[in-house]
């Protein structure tokens, strides 16, 4: 279709997997982030601890769950605990990474998954709300944001509603609001590129573009002024082994990664 | 809460079995604040949800704590006027609910946004019998600004925390794996927050897959999640979480839910009315609903739960 | 020994048992209060719910435990939960009665189980402290106080240290301190007599004397001015059936009620 | 706490088995705040307590949360300088401890009084990672007046509550029924507050009656009370709670404790020194202690636990 040997979804998953260090813990939901965590476990981070918001700890997943609380998430798990216990663990610093997404994001990584429109009482579009997102964005050490359909209506100067905190209004704003030092979004993975956040300005910074995408493409697709790293990498495509693991081991039924 | 408990909750072991219609008539009132057990599509108390819709209870306030099929059915049935939101509208990977979008976007149903953690913490405070609880979530966001939470400084450390009010629902409905006639309950797999939510609530209706002898509890007291004296009604109803997932019993009814979602997304709301008539109002009770689903359909959900392939020669 | 067919300990236990209504819940420790609760269950209050502070709920006791957390307290129990869950239940109004004791008591039923002396840093005698007593005295609907060795050094005008709240400084003082309305001590059972508390003054009020004890005996043994009810009953002695149950069913080993 | 967790607690499953002397050397420091699992005489981590005494650790602050034999041994060994008291000095029905009376009455050991509930609530706050918690106990009493608690009005209801500071011990020691080499733990019978206390603490030493395969946990994940990543050291030590009661394993050693109490009540403190020498300092490790007790003596405690009469012909 695109002339590539992989889909953008697969590429994003592989990039997400590479952000996860070994001997750390990640809180996941379902879908792409879970696939990324499983891929990391099977490649570079065999000791990555996977924790589900609903209480599953370190399961041996046989098949991809379709809900963060479904039976699959505790299949041969080491512990099945409560949602509040998972939140408490995260608060106490046990969870290094969490994955987030949303309908809109601003330059400080603030996320909106609540509503489109200006009137909280009568929104144009009502989305699910925080769920665990605000908790993850407040309590985990690093949040990894995954956004597909990278465009100016999703990457906006001001989100309509801050559901989940990024760096809020900029440097020190998290700390001033009462959130813990050393936390916040660390990566934004889109279908065009990879961002981190500038250590001083806390503004989203382009660090890699996907094959065939230019810096200009990214700028045009983004509704705010981004930071650009001195050296822009080109994203490394998935290896054949990555793809084999995704299709044969992680998602043999093709729920997340349909085979072409 | 304390006074209510003292005057309305017997500490005697009495037979609390009843049919779901009796339980709802007795304990669910128009205008009540209701909390449901389970999480998302998991172990949700659908038997009682369907009955609340059937009895056309109105003006419920709902703890929308990762509420999916349960709240959607209540909202489709016109039972809800207000929601404390942690997660609503979404059916996780299955997309958004037409029913809930309509009611929230028109402002017909009021709401306040919280988070999954925040709602659990509020229920923890309710269970502990304290009027508020300090939390470290929601800070700095619109989720906080639209909530009743108050930011204060800790008198011991000086750090900022958000105080949230305790939550004490009028009625909590839960579906469990097994209960005895007095209301003692065991749950397999995720407890989620049912332990706390039952404790925080004034009235508790329990439905169970299986009614068992009290001996089951005495043989393993560490496994009792809910003790009898917190429970007001016990309903035995196999498949009572359908179309949800009952861990170690049956998986989601994906087909049923997808069809339900499609119906709800139809701009012509009479399509949903027709669905409600067919699956709720025209049926006398949940056993009729189960019968209508049919044995072959249900047993497939059991196979799905255990990841068993379809039988050969089928 | 005393010419009686029963010991004072047995009498106190029987009186304590009679204070417990059916269909209510009592939080107990070990010793006499537990024996009283068991006796109530086997006589007038078969549906009395017995809960142990350490987490045992409604056990079928085979033998008297010697510690509130020992294995006997969960023998065929309906639930074995945590200490904090029991405290939370009590706070939410599930526990009607709790039994308390102490080294000293004042006219408002305030109890001292912490220390004798004026100097908190260097007490003359150091006792165990609150344990769960303050929690019970704060959270249960009614507290029943059991005091043996009734005398002026134990029934004092001012206790050296208020470990557990009675009515504190008198009418409304509990409510003003933040404790819940409708709670407080309801009975004091001693080896001389039975008190309740005057509904207006909240001062200990004599309502019954044990056989052979006069009102004057009680006054002399009490280091503060007591209220005296209009009509003073004489405590009903244990029946033969009471004694049989205590000795044969509840305490066959004679741990609490040694056979003469 | 958060920073400590991030930098010092691996999330990898690694073999954490060690001997108790190594665990105490590595993780228990002079001046630490220590919390012990169990309750009263029940499931107390005596193997680690004896080792702390043996290594003559000093100036410990202790969470005296219904502390009986455990704290008494630490105080007899001169390890303690400060105690947060819920219940100390007493041995329940067995009376008061001479050792503790001496040290508290002379002012040698400092203390602050709380209650059982209050100490649990403080640990709950520590586990939740919030700096304080509102409670409805201690109000109006000297127990409150001598504490750091602060009375405030609830900003939502106006009612008075007491705020207590969270408790986050430096080290928590617990004895459990079974653990694997990574630190996953199961407990039978009372959990008491061990779940919360482990979560609130920076370092955790687990001793267990039995070291089992990880498969045991994967087969019943709902029974895991402590997950591996909270644990720093795992010690396998049968009888590790002696002279305490290990539910479903062995009962109190009444005879041993009565004798120990008598020794402690002797005004001549050299009698206790001699006892310590005989039962702690002169022994290399806990296995020597067990050997010294002797098999017949120990197996009687097993009979006691199950209320079995002595064998005939004994």
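For clarity, chains are labelled A, B, C and D in written order, and residue numbers in each chain start from 1.
Throughout what follows, a residue touches a chain if its C-beta (ideal position, glycine included) is under 8 Å from a C-beta of that chain, and two chains touch if they have at least 3 such contacts.
In this text the structure is predicted, and so the values were computed from the model without any measurement.
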Centroid spacing, where centroids are CA-atom means, of chain B and chain D in whole angstrom: 38
Centroid spacing, where centroids are CA-atom means, of chain A and chain B in whole angstrom: 29
Between chain A and chain C, centroid-to-centroid distance (C-alpha), Å: 58
Per-residue multi-chain contacts in chain C, two or more chains: 56, 74, 80-81, 91, 180
Sites on chain D at which at least two other chains make contact: 121, 128-130, 136, 159, 161, 189, 191, 222
Arrangement of touching chains [line / ring / star / complete / other]: other
Full enumeration of touching chain pairs: A-B, A-D, B-C, B-D, C-D
List of chain C residues in touch with chain B within their complex: 22-25, 47-49, 56-60, 74, 76-81, 85, 88-89, 91-94, 96, 141, 180, 182
In the complex, chain B residues that touch chain A: 38-42, 66, 85-90, 92-94, 96, 100-101, 104-107, 110, 113-118, 120-121, 124, 136-143, 146, 151, 159-162, 189-193, 195-196, 245, 247-248, 251-252, 254, 305, 307
Chain C to chain D touching residues, read off their complex: 30-31, 53-56, 62-63, 66-71, 74, 80-84, 87, 91, 110, 114, 120-135, 138-139, 161-165, 168, 173-174, 176-180
Touching residues (chain side chain B, partner chain D) in the complex: 121, 128-136, 148, 150, 152, 154-157, 159, 161, 163, 165, 188-189, 191, 222
Complex contact set, residues of chain B against chain C: 1-6, 9-13, 127-130, 184, 199, 214, 217-219, 221-222, 224, 227-230
